[in-house]
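Just so it is clear, A, B and C label the chains in written order, and each chain counts residues from 1 on its own.
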Amino acid sequence: MTLTVILLLIIAALVGSLYMGYGYHRLRRPVVLGAGVGAVAGVLGALLFMLPLNFCTFEPERAILDVGIGILLMGTGMGVVLFSAHWLSRYFLAKGKDKPVLTGDRVQGGFNTSVLIPLVLLIPTLIILTLFLYYPAIDLFRLSTLLARLNTPRTVFRCVDNFSQILDPQFSIVTIGAIILSIVLVVGIAYIQRIGETRNNPLYNTMRSLVTPTLLVLLLSITVDLFAPDYRPVVYNTFFIAGWTVILGILLGLAVAYLVFQPVKGAAIYRTLLIWPYAISPAVAGIIFFLMFDPLNGIINHLLSLIGIQGPNWIKDPWLAKWTIIIASVWKTLGYNILFCLAGLQNISKELQEAAAIDGANAWQRFWNVVFPGMTPILFFLLITNITFAFFEMFGTIDFLTKGGPAGATTTMIYEVYTLGIIEGDLGKAAAQSLVMFVMVIGITIFQFRTSGEKVSYGA
Amino acid sequence: MTALTQTYAPEKKKNANSWLPQRWYLHILLWITCFIISFPLLYAVIVATQTNDEVVRYQVTPGSSFDTNWETVMITRKLGSYMVNSTVQAIIVTVGKTVLSLLAGLAFVYFRFPGKWLVFGFVLMTLMMPTELLIIALFRFVSGLGWGDTMAAITVPFLASATGAFLFRQHFSNIPAELSEAAQLDGANPLQFLFRILIPISWNTIGALAVIQFIYVWNMYLWPLLIIRDERAQVVQVGLGSLRNIDTTLTYGPLMLAAVVTSIPPVIVFILLQKQFMSGFAITRDK
Amino acid sequence: MQRKNIFVLLLVVMLMSIAPAFAQGATEIKMWIAFTDYRLDWARDKAAKFNEVFPQYNVIVEGYDNYEALFAATALAFENNTQPAVVQYFEAATRDALDARNADGTLRFKPIADAIGDRADVNGFAPAFDDFVDAVREYYTFDGTFASMPWNTSSSIMFSNQELLTAAGVEAIPTTWAEVEAACAKIMAMPDAPTNCITWPNHGWFFEQSVAQQGAELVNNGNGRADRATETFIASEAAVSYVSWWKSMQDAGYYVYTGSQRDWTGTYNAFIAGDVAMLIYSSSDTTAVTNDAAGAGFTAAGSFMPHNGDMDYAGNLIGGATLWLSNGLATEVEEGALTWLLWFTNTENGAEWHQITGYIPVRKSSVELLATDAWFAAIEPMASPIWADNELIQGAQGQAWYDALPNARVASDQLAAATPSSATAGAIVGAFPAIRNEVTAAIEDILVNGTDVAEALTGAQERANTVLEEYNLLNAE
């Protein structure tokens, strides 16, 4: 065991010194210094998660999955510390264009006062963020390594068992299919590009447009595949419900916004009549849709029966229950989506649209070729905010509409955290599940920052 | 945001069927859309006045039970007290967060101090920590403070946020630097500058943050569900749950009445402040 | 500047509303119960009456959606020290209630008998533990100490649509699984047969009842009564035969699954609507079933829960909940809580509670009272409006209650018919609510997805054993 730890730390030091040595070489600073800093940073990074865990994942009797989690954690810790060390080195050592630009450093007509004043201004905010966000976040990490339950003060250290219980990587048919499709697409596109027949080639255009959806399905499918059979449905439900809510919500929002954007009298009144559901709470949305979709006494099944359709048992059927949640959530978020799509439409140059109209483009072509591309920044913004809504805020709707049922068909990740941690009192496992969500949120945020930095311009 | 209210000029061409409004098909489409979107709430409003019998008979006119339902909601189940608690909570958080965010924005834009990038990063990182994610640990911490069943538990943790601080930071950086230079020449201290100059020209942004916060807090459900147990301290979204069972069976009327009454404050705030709401987001998108 | 004025106005409103809202006065005694319907209203009526008689106390009753929600809420409340003085825990929470500890290691609940000590009475009310019916007293006595105050106790019984049975030529109400099946064959063969023959909720309680009826234990160590249970027997022979019979009833089109676990409402409505001829249910709603059936134009006849005819009938279990007293209360609060508990569960209130619901009278004295026509005069002075407005109850005055409503007696008789053993005393096991969830989830899997009975139950047993192992790791001495 001790030997393993020493070996791991040596590897960490080596990786760190290589990375930072190269980094210092590019900064034209002594490579040896970089290697030294890197070795220390690498070891510190390895210890970041492993010291609290006491290297338990590398105990001889541990399963391969635990060792894998251990390596992943060590790698993540090293990544965080090495990246920070590299960044700090550039910030303090580099000159000119190599020096990272910090938006936070900008000052506008600054006051030349004592350092205390800005700190006093910031301290209330910092205290609240530390106590109510940072401290719980750290406590969450601690809890996730414990067997801890409500109603008892005793805890037992469980290493990463709470995580390995919900993880069980495998390849599903969907993933394999998506991988094959991606390979076919990449090869196909490359081949057509090579023979140079890209112009007006419907096959080529179709393949191009299929790349993003395929990669998205692949990403989601691989994520679902990571988890153990018990937990996989929860992740799947989350993606299914969130995905359709986001897609339908944004598309409908865009369609309605386009409609109300047309020059008509009383547009402001229509707009107000269309957007107010944003202010309705997810819980109230759940209550109202619970009434409407009640299989026995609900108005929806009554209306269906008027046109001769026997209404289904909406909230008792696993598949329909998901859709009932999606419909309620789309309704609740529609106002928000309409509002932002309207704002986006107003930013699109009217001249462009008129020019397209003169060119003989019909309404649909104008929409697809001129309006839609101009809307990408706002649609991207809506995508991120809608995903956040679907992940977290939908809790109230689910709790009032289906309570996660039937048979867990509408239990999303946040609902499972609540059921497991609060209703069943299993704090440790619930903390581990919260951290799994945390990783997803970090992923989305990084994606958001990168994309908004590079491609999407919010310029007014 | 003037762009929002701007519409195309009406077509000058005289319509052949002059008794029809211009582009009548659009009006019909819009009316249908408005009806579909409003249908759930309209139906809830009707049910709110009905007895269970009237609900299951699918009566589409207002029912006979408004008084009884009102009495159930307000007297038997104390929705009024939940509303008061939610109002107090929403106001404390809205005002508190606006003040703290103004101060933080001021510090970020108008001051130079060592380690500023670090503080900035510290605040920025919290964008990745939604409260919902932390509830298990936050519950243990707030419980440990002995804040169960108190107003503090549902307000203090929400008094500061990265969104608020960055909203004002963005807004202030769009204000010409000459303004603060002139203020300093006049001998104003930072707080005087904030109250005399910045706030008066920031009402739109303040309104934006206020409307977002008000609706966010009013609609908060998961956190009070965990931390508030005493009926007298309960907020409205959780309190709604107590209306599901009144008699031996589910009673639709009182439940819907409560749902409708609960939704009135945020909807009014939102409709009145929708322009501020949009302008707030317009700022965050300005680079 | 208008917006500025709105802000100032909001500030003023904020400051005004922070003014102290809670008035001081009588000693406040909070009780949380798992009802939000007429039963909550009844408990509140009783609290109001009690507060009149004892102005030094102010009993406040708050309601929660169901036992599971209340159980979770109480655990949370203890974490932040906002727990009530009295809380209603269902039978499955008994082990957890006995084990629950605060962060400083002190127990969260105090046995009622310890709180009363060797006093003959509290504020004039004698505890009279001997007065509780045997099944109840045995269930809640641990190491010779009476742990919590019995209030709502039930057993699972069957209600039959008498007219449908008669029409189908079923002469006697079936008592065994085979007889139920035979009766269903006749009922479903009728030209105007109901949609299905029988239903009951997929609740762990009915599973436990059927296992106990066959004389089998649910957990080891004498059903958790000789020593702390460490293993569950969810996939035992008795369990497999019960669930297999259940599944065969569904396959034959006799049993209908309403589609969700713990669906009390759906099964109840199906019976009242005449969609099924028989309903296995809790005796807790005997009064409502009898009333609603009469309203729907048929007679609901109560009978013992059908059992496995191939095995000797060992007896049924109690269900329901008891009232637990929080530990560490201020002296005057504890004193008030004890007074309230003894008054609330006295002979007359117990009888009234039984009449409006169908929960069995937990005191022998209540049973005796209801066996004569003296009950009306005894209950009336302190009765609640719910009791006074109930036509069934009012119509029964002048005769012995059990004569007026034979169904009311079924659950008490069923409990008395049990042969005392560890199996029929009922299991005491940690994390019981979670174990029940494993059972109902497995049964749902069997009913909905057609999973093999033994396979599904074995899987549930493994998961339940893990849950129990973890529980014991944190709670066992």
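Here is the rule we use: a residue touches a chain if its C-beta (ideal position, glycine included) is under 8 Å from a C-beta of that chain, and two chains touch if they have at least 3 such contacts.
No experiment lies behind these values; they were computed from the predicted model shown.
A.B. asks: Looking at A-C and A-B, which one has the bigger number of contacting C-beta pairs?
C.D. replies: Between the chain pairs A-C and A-B, A-B carries more contacts.
A.B. asks: Using only Cα atoms to place each chain's centre, name the chain farthest from chain B.
C.D. replies: With centres defined by C-alpha atoms, farthest from chain B sits C.
A.B. asks: Starting from the mean Cα coordinates of chain B and chain C, work out the distance between those two points in Å.
C.D. replies: A distance of 41 Å separates the two centres.
A.B. asks: Provide the C-alpha centroid distance between chain A and chain C, rounded to the nearest whole angstrom.
C.D. replies: One centre to the other, that is 43 Å.
A.B. asks: Compute the distance, rounded to whole Å, between the mean C-alpha positions of chain A and chain B.
C.D. replies: Chain centroid spacing, chain A to chain B, equals 23 Å.
A.B. asks: Going by the touch rule set out above, which residues of chain B reach two or more other chains?
C.D. replies: In chain B, residues 139-140, 142, 226, 241 touch at least two other chains, as defined above.
A.B. asks: Residues of chain C that contact two or more other chains, please.
C.D. replies: Residue numbers touching two or more other chains: 76, 79.
A.B. asks: Going through chain A residue by residue, note those that touch at least 2 other chains and give them in order.
C.D. replies: 296, 422
A.B. asks: Show me the residue ranges of chain C that touch chain A in the complex, using the header's touch definition.
C.D. replies: 68-69, 72, 75-76, 78-79, 96, 99-105, 108, 258-261, 269, 433-434, 437, 441, 444-445, 448, 470-471, 473-475
A.B. asks: Residue numbers of chain B touching chain A in their complex, please.
C.D. replies: Those residues of chain B that touch chain A are 1, 3-11, 21-23, 26-27, 29-30, 33-34, 37-38, 40-41, 43-44, 47, 55-56, 58, 100-101, 103-104, 106-114, 116-117, 119-124, 126-142, 156-157, 159-160, 162, 165, 172-173, 175, 177-181, 184, 189-190, 193, 215, 218-219, 221-222, 225-226, 237, 240-241, 252, 255-256, 259, 262-263, 266-267, 269-271, 274, 277-278, 281-282, 285-287.
A.B. asks: In the complex of these two chains, what residues of chain C are touching chain B?
C.D. replies: Those residues of chain C that touch chain B are 3-4, 7, 10-11, 13-14, 17-18, 21-22, 36-38, 41, 62-63, 65, 73, 76-77, 79-82, 265, 288.
A.B. asks: So in the complex, which bits of chain A are touching chain C?
C.D. replies: Residues of chain A touching chain C: 147-156, 296, 313, 316-317, 405-407, 422-425.
A.B. asks: List the residues on chain B that touch chain C in their complex, please.
C.D. replies: 76, 84, 87-88, 91-92, 94-95, 139-140, 142-144, 146-149, 151, 203, 206-207, 210, 226-227, 229-232, 241-242, 244-250
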